[in-house]
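Each structure below appears as structure tokens.
Same chain, two partners: subunit A is paired with subunit B first, then with subunit C.
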Partner chain A sequence: MELLFQIILNGLIWGSIYALIAIGLSLIWGVMDIVNFAHGDFLVVGMYVAYSVFAATQLDPLIAAPIAGIVLFVVGMLTYYLIIRRVEGASLLIQIVATFAVGLFLKNLMQFIFKTDYLLIKDEQQSFFSGSVTLFGADINSAQLATAVISIIVAGIFFVFVYNTRTGRSMLAVSENPYAAKLMGINITKINVIAWGLGAAIVGISGALLSKFYYIFPTAGAHFGLLSFIIVAMGGFKSMWGALVAGITVGVVEALASFASNSSLKVAFVFLVYIVVVLIRPKGFLGK
Partner chain B sequence: MLEINNLCSGYRGVQVLNEVSLNVPKGEIITLIGANGAGKTTMMRTLSGTVETMSGTILFQGKPIEFRPTHYRVEKGLIHCPEGRELFPNMTVEENLLLGAYTIKTKDKIRENFEKVYNVFPRLYERKSQRAGTLSGGEQQMCAIGRGVMADPKLLILDEPSLGLSPKLTEEMFVLIMQINQTLKTTILLVEQKVADTLEIATYGYVLQTGRIVAEGPAAELKNNSIIHKAYLGI
Partner chain C sequence: MMLQKKNLPYMVIPLLIMLIPLFLKDAYFMQIFILFFMYVILATGWNIIGGFTGQVSFGHGVFFAIGAYSSAMLSLRFELSPWIGMVVGMVISAFVALAIGLPFFRLSGHYFAIATLALAGIASALSLNWDFIGGSTGLYLPIKESGFWNLQFGADKIQYYYIVFFLAILAVLFSLYLSRSRVGYYFRAIKENGEAAASLGIDVLKYKLLAFVYSAVIVSIGGTFYSQYYLYVNPEGVLNSDIGIQMVLMTVLGGVGTIIGPIIGAAFLVPLSELIRGYIGGTFTGVDQMIYAFIIILVVTMQPTGIIGFLKKKNRKPGYLNKKIPKTGGDLHD
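Showing the complex of A and B:
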């Protein structure tokens, strides 16, 4: 029983960061109806930002996460302004190819700057978030716990922004009915820029958080990108709450699966659960 | 208030409107009537800027706006309530109305506008916490017009407010439109297919046929116009 609790707690921790990654994708998808195939690459850029900050200043990635957020906010805005703006209203295929190209570009840019080596942030002095804490009888790595807490705080701030500010509400309006939103006097281009900036910033923060635990290499985003597509589809397109719920679900499924069978099979179980969910609820948990 | 000269517009190279000229004086209800496919909706979209102007001018309060983006026109007080209501279905009535006041900056003014709207449409007040998508057709139309009023319109463009409403509700809707014009002093450009009712409340009317104005005149005269009789009143 205690072991099960430990596993689920672990799942919740990873789930919260998956949710954060997926919320960024869901936002752009919802506001613009564009699937961002560069999402995983945004994540990798976030990881490299955290790595560079650590290499230069020894600052822990969990503390440097806001810096990755700011850098990716700019990357997201530039992506919209330079590329996406030109394919607005074009066919879905053209938009997919455009975002895919952005992803390829970023991947190769990272490869050019940092080479293909697997990098790892090794905090020799163990200055931050070392050791573990005991929570209701379960042992939790304190860095992981801090990551989960930061993920939840960032997601919380994001939701407060979306539902309680004028800009946030206009994002929801554009997401529900872009034509009507335009007639309300909302400057759609401005909202799109902000959505891309915010979506990228959130995934950049996630990347910085992940860099504490994962090897960093140019194609590291592929796995997480794919996972976040699954999460968004499972949660329900355009529903950011759905992304939150589905992200945590995926984390727990992964943890249970790697305990019950083999950790290399955990992704297969995630896909299995995904298939079952969309068979029962084709629009996902909270899809409308 | 609004002066349109030789306006041409359309979609992706297909011209729909051909040299349309029209004038909406302050404080009046002007109507644009025409059959399906005459170009009425294209005309309204061109005025709000969701369809691009090809040539011609649109003067709003004396200033050219034909190349200004939609949000600029909304800020200046040109509000377009589109055909088919176009509400935000998953938001509540109140949230819909609040978005209507997007260009209003002060909280007091927004509160005042809420009162205005709830005064004209008490039904919306009863339904304020309900999701807009679950309202009846008539209530949805009230919500769409109310959302327009929230923006403090100088000119309110209503595109087929009677669409999908029963004859009784249509009549009520026309009374409400008249009320908005009289009590709130809002100038209205009303686009309709229900010609007889529309000419009852409008002061002046234009008839659009395949992208051109084919007749115009004071509403009372248009009622007796032979083109209109034949084409729209079926008498």
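Showing the complex of A and C:
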């Protein structure tokens, strides 16, 4: 029983991080109807920003997270403004290829600057949350716990922004019906720029948080990118609440599977659960 | 029809390509051509489901792997010719495509695409853990006597060149035949509007499955060739690497849904990738791929219909001027 509790708690922690990563993807996907194949690479850029900040100033990744957010906000806006804007009217496949190429570029830029070594921000040098805590008899890595809590807080702030500000509601309107939104006087280009900036910023923050306890390497984004596609699809496209629920579900499923089998098979199990979910509910948990 | 003047380049260019090995025996350039032909097979195969029928699959690496592993396994365990392995791989791919397509085609658009991405992930994880097919180490194919039946020619690349060239020609001719047949029209009707196609009496699920099977079988042929050419198959090479993405990239960049689009895409990206890697990759890791990505971005932003868009624009005006009598209604007979 205690073991099960430990596993589920671990799953919830990873699930919260997955959810935050996926929410960024869901925003861009919902507002623009574009599948961003550079999402995992945005995450990696966020990780390297946190690493650079740490290498230069010894600041903890949790403090570097807002910096990663700002850097990625700019990267996201530039990606939209320079590239995506030009393929907006093109087919879905051309858009996918464009974002894929952006990701390839960023991944190799990171490889060029930081080489392919696995980097880790060492625990003993960090200022906050090292070691582990015991929670109801379960041993939890405190860095991971802190990251999960911060992920939920960031997601909360983001939801408040989306549902309570004019810009946020405009994004929801564009996501619902871009033509009607335009008729209502919403500047679509402006909303798209902000959506790309925000979506990238959120995943940049996730990357910085992740670098608190995860290895940093140029291709780290492949796994998380793929998982966030699965999560967004499982939750239902255009539903950010769906991404939250599905992210946590995936975390728990993965934790349970890793208890039962080795690490590469646990990924297969997560994908299998996704396929079963969409076969039962073809639009995901909360999709319309 | 076939002997019209405008079709002449399509006859002459393959003939010229056949003559190349007589003059150019450099192994490096042979390698580029061999990879180009292999990717023509893959992109042409993918184009049938992704281009003609409009169902975006990111999981076609699975069929590539089935082709590669089937022939490798049969060659290792039963000493069977890779040609038999190729046919077995095609049959297995067809059944797997049916088994996957049946549930997956209930999903639409993005949901289908992401499901195929998940499928590729599952196949990759399984292949790493399945010791029967060599696990993560993979399979080394035994070196056999050189010859057509064994599909091995030692270090001699010319034979591989002609074999994969003819396989590519077959794939392209099949795709051409398909696009002009009744079935090809059904595929396009489904792509344009599935519900409208259904209301016209087209069995949408049946033809989606058919397109999926055709495309899986062709990609599987490419996989068999790969395993015979490299004499080594492992999950990293056939499943983890992004072959399943590369074939999409080439088709889309060339011109999705057309016959020559996948060929143009492969002709552009394969040499580009090989040459950049050859000249820059060694000294600055990462820079080669950055240039590759940058060129792709450039093409896509300049011409959102793919490279084929550049060609069409150039040819359009003279084409119109050359037509002396405007055709009205004649298209009905085509």
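Throughout what follows, the second predicted complex is superposed on the first by the 284 of 288 C-alpha atoms of A that agree within 3 Å, B and C clash if a C-alpha of one lies under 4 Å from a C-alpha of the other, contacts with A are read in each partner's own complex, and residues count from 1 in each chain.
Keep in mind that, in the parts below, contacts are C-beta pairs under 8 Å (C-beta built on N, C-alpha and C of every residue); 3 or more make two chains touch, one makes a residue touch a chain.
Remember, predicted model here, so these are calculated numbers, not experimental data.
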| item | value |
| --- | --- |
| Partner chain(s) touched by A:L172 [first = subunit B, second = subunit C, both, neither] | first |
| Partner chain in contact with A:V160 - subunit B first, subunit C second, else both or neither | neither |
| First, second, both or neither for A:A268, with subunit B first and subunit C second | second |
| Touched partner set for A:A180, first subunit B, second subunit C, both or neither | first |
| Contacts of A:A55 with subunit B and subunit C, given as first, second, both or neither | neither |
| Partner contacting more residues of subunit A (subunit B vs subunit C) | C |
| First, second, both or neither for A:S91, with subunit B first and subunit C second | second |
| Touched partner set for A:K288, first subunit B, second subunit C, both or neither | first |
| Complex interface listing, subunit A residues touching subunit C | 35, 83, 86-87, 89-94, 96-98, 100-102, 104-105, 107-112, 115-116, 218, 226, 229-230, 232-233, 237, 262, 264-265, 267-268, 271-272, 274-275, 278-279, 282-284 |
| For the subunit B and subunit A complex, residues of the former touching the latter | 48, 50, 69-71, 74-75, 79-82, 86-91, 95, 98-100, 102-103, 147, 151 |
| Interface residues, subunit A side, partner subunit B - complex | 166, 169-170, 172-173, 176-177, 179-187, 288 |
| Residue ranges of subunit C in contact with subunit A within the complex | 50, 56, 103, 106-111, 113-115, 117-119, 121-122, 125-126, 128-129, 245, 248-249, 252-253, 256, 284-290, 292-294, 296-297, 300-301, 304-306 |
